[in-house]
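Chain nomenclature is as follows: A, B and C, assigned in order of appearance, with residue numbering initiated at 1 for each chain independently.
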Amino acid sequence: MTQDIRDTDNFDKTRKKINDIKFFFGNTLTSENKKAAIGWFCTYTPEELIIAGGFVPVRIFGRKKIIKSESYFPINFCPYIKSGWESLLADADNLKAIIFTNSCDGMRRFFDIASKYLDGIPSYLLDVPHLKNRDSRDFFTGNMDDMKKFIEKLKGEKINEEEIENAVKLINKKRKLLKEFSNIFYKSPDLIEIPAYYKVMELSMISDPEIFLDDLEKYLGFIGSIDKTSTKNGISLQPDQRNSPSIMIIGNFIAEDKLWEMLSKMNLKLASEDLCTSNRYFVKQVVTGDNKDLMESIAERYLNKPQCMRMADPGSKLAEIENVIIKNHIKGVIFITLKFCDNMLYSFPLLKQRLNNMGIPVLYLDIEYNNFSEGQIKTRVQAFLEML
Amino acid sequence: MYTCGIDVGSVSTESVILDNKNNKIVSYVIALTGSNSKNAAEAAFESSLKKAGLKESEIKSIVATGYGRINIPFANKNITEISCHARGVVSSFPDLKTVIDIGGQDSKVIKLEGGNPIDFLMNDKCAAGTGRFLEVMAKALEISLEEFTPIFNKTSDKVDITSTCTVFAESEIVSLIGHGVDKNKIIKGLIYSIADRVTTMVERVGLEEPVCMTGGVAKNLGVVRALEEKLGVKLNIPDEPRITGALGAAYLARDLH
Amino acid sequence: MGIKDRLKTGIQKNLNLRYIKRLLGIIALKPVLYAYGKTFPSASDKYLNIFTIESLKKAYSDNNRPIGYGSLFIPHELFHALGITPFLPEVMAGFTAGLGLAPQTLKEASSHWYSQDLCTFHRSASGAAELDLFPRPDYIITSNLACDAAQKSFYIHSVKHNIEKNFYLIDVPYRYSEESIRYLAAQIKNICTDICSKTGKKPDISMFEETFELSNELRKWAIEVGSLRKNLADYPSHFNGLNFILPFHGLAGTREAVILYKEIYRDLKKYSDKQCKEISEKNKPAKRILWLHLKPYYRNEIFDILYRENCRVVFEEINHVYWQELDYKKPFESLARKMLSNFLGGSIDNRIGVILKAAHDYKADGAILFSHWGCRQSNGGARIIKDSLKKINIPTLVLDGDCVDQNNSSQGQVKTRLQGFIEILNS
């Protein structure tokens, strides 16, 4: 009995430490950027090319209260875009350039607005196909070549094969470690809390990859060291034994600290995700081969990574989700979308149907960005969990 | 010679009689519109005549404006609030560039050039950012509209109201009260949230000074202060901001000849 | 009650596929149809309605299989060349508005979890599909051109009818370049080959010959209409250039579309000849309005108000002929070029170019951008469009509303905005 109490104590201490992201990612958080940054938005942006050009890819999270931006976009328009624009209006000077993608109607217009009203900072739009086949891969490879030229112009010289290779290695490693980290998170929700998890995700997208990787490796090392001693002090990285339901979260650009905090206090286990701010970013490696074209390999990775609802084939997306649900014994799905995201909204009728057939309940939420109204959402999530 | 302007708004109806010789307001009346806009217009017109000591036949022409403008058979012409507010303000502020009118159901921003409207924007279909929003919230908080200003002035802190929709904001407030949050801070937060909404509209049309604010909400000095803070400009307010539309209509009635 | 109102109430009360088929069976009988055609004030309106009904009749009768659902911006020449009867759900959504069915179809869509924030053209069409009001498709061809909505909502149609294998998305690139044309042409070719292998038709470029010839003919007449309108000072009150979407897109490549555009030309020509005499007597020339995006397809006052207030819509952006002649010897490349020339694709500069040129050519005094709720691609460009027109001193009204859902805006608000804008034009 006493043993237990001491262990719990110890566990709490360790847990507190593990969730102290500021401590573990101190370098990432404090180091001054030595290299110039290039902003990006969509997970279809090949970061490799930015890195190969000697720049730091920094994902724009917005997080600014939407005021000025409102006058550039309609009321019913993607709030992530609006808030991204707000932050570009405020401090785009920190960026050398911005890469947009042809991911959806909203982004297309965002690029137009930035090209017209943002003086002095070059913007580029990468055309990303909607299909996944050889032709589209070749087409995308060509588009990436074009983007490479844009970066070369910024760099002032050509990007060579080796630079790209190194960038691929670096990002592949980041992906691998993030994957490891997420597996630990899914399996041991008692250990890593939801806000900490997403904080790491965010850092992975906005920081110098080398510094971040350094921190992440040490962090994972620490987590691993607990694992080894787990039998001694009762801390376990084994699948969690609570009987809270395993939830999958499906969404778009969800980066809502208040939401994560709210969820972490609720009786659920986040066992799987499908988000632009997480797995869609890091899952799937670039596979290079001796007689494979490097750019082509990169193109292949992006077109075949966990796909966004914008891609042409909702059927394979649904199958992808179905597999994940079965594999991870998911008991319920939280579908959470930023308002006015057409691709997400259109994906829901079929998803709902499919989940109904599987007997998996789903909760539909649409939210603004960075303006979380907890009261409403909490009641709904709570009711949903009670129902499970 | 006299002309008359009648503004039949969603909340209030105003009638203004203008002496065309010296451009002086002979009389004006502010009344509630109620459920029958035609009756409200007639009643306002008659009592403004009475106040001025004039007969109907002495009024040369009448222009109706406001959302009820179409339904006034005795008016010679109907002209939108946009032109009327523009005309109404330039009499007091001739080189004005921007007008912000916040009434009961509509808020609008009008851009002027040489006294003429060149662009305008009205709120979208929801009531956030209008006088109605404040009325609903006042009810939920059990205070009167007149109390907003003193509370705003004496409260230093505010709570952020995140919901922009009237319905959700109301329930947010109810839950804040339920959590024991200071009512005054909620009120201040509300005033800022309406100022945010209006600022957005002004941004959409583009802010140019000098700026003037009209309509019933211009009576709410809390909103005026918050708006001045957000926009970073001083707002000119006519002596009686609520009659601006009707006054403009009276001028435009004069211009009919 | 006129024949139109009888039609409306009939279908409102009997909203089912059987009734629609029966109704089309009766009204599409030649004598009835031509009697119906006579109720319209002009030859162009008459043919528009006749051809629309005939094309619906075709799509709804099972003797004309295969039937293909096509989204608005795919080249429908493809269907005509392949011998597929086209059916356009988005245009049907316009009809649901016109016939007063949208409240029912939209409600149905909501109950199937289509969000209220989505474009009502697609929502209403999806609701109609869920109510089983549409004929069963054999093929579905759609694209990401102009907006994201079609590719997504049409896929759901394919699931409903279990024909995911016959669902084709034409992935239209962002930029007009030779690589883009190659990528796109290859897709169109693959679709043709695949469909031919399913229908047993021999893929052969000769099948494009007649269709392309007719399509080019339509193009020619549409350009003629445009040139005529550049100098037209007045219009008959019944003319509305936003009514011809079906022939302009869905019937491109048919004889009917050619006949119709010839009639539009004749109608306007007749009017302009007559008008030459009268115009000198009129003292105040009308204000010339350039119309951007679409309009409400339910009964509304917008165009009556404009007409009454002496404003004339002198051109509609959607009637701009953006493509070059098609060459049947290079069918896939031709169609690829047509799609890539669409000014709603790619950068907003494409659209701005068309708008500014039209404002100049048609001597516009003002522009009205009908801001259809839920149309991200069009509304997202409103700010740039307005600023660009302002630079050439043309004021723009961004008029909020909904093309299909009449309950999504208040008539009073629309009226005030419209009237306020007209006052500005006249000041």
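One rule holds for everything that comes next: a residue touches a chain if its C-beta (ideal position, glycine included) is under 8 Å from a C-beta of that chain, and two chains touch if they have at least 3 such contacts.
As the structure is a prediction and not an experimental result, all values here were calculated from the model.
Q: Based on the touch definition given at the start, go ahead and assign the chain network to line, ring, star, complete or other.
A: Shape of the chain contacts: complete, all pairs touching.
Q: More contacting C-beta pairs: A-C or B-C?
A: A-C
Q: So the centre of each chain is just the mean of its C-alpha atoms; given that, what is the distance between subunit A and subunit B in Å?
A: 46
Q: Subunit A to subunit C: how many Å between their CA centres?
A: About 39 Å separates the centre of subunit A from that of subunit C.
Q: Would you give the residues of subunit A that are in contact with at least 2 other chains, written as numbers and ranges?
A: Touching at least two other chains: 71.
Q: Can you tell me which residues of subunit B touch two or more of the remaining chains?
A: In subunit B, 124 touch at least two other chains.
Q: For the complex, give me every residue of subunit A touching subunit B.
A: On the subunit A side, the touching residues are 67-68, 70-71, 75, 371-373, 375-376.
Q: Provide the residue numbers of subunit B that touch subunit C in the complex, in ascending order.
A: By the definition above, subunit B touches subunit C via 67, 70, 79-83, 106, 116-120, 122, 124-125.
Q: Across the complex, what residues on subunit C touch subunit B?
A: 395, 400, 408-410, 412-413, 415-417, 419-421, 423-424, 427
Q: In the complex formed with subunit C, which residues of subunit A make contact?
A: 71-74, 76-78, 102, 104-106, 108-113, 115-116, 125, 127, 129-131, 135-136, 138-139, 142, 309-310, 312, 314-315, 339-340, 342-343, 345-350, 352, 364, 366
Q: Mind pulling up the subunit B residues that touch subunit A in the complex?
A: It is residues 124, 162-163, 168, 171-172, 175, 196, 199-200, 203-206 of subunit B that touch subunit A.
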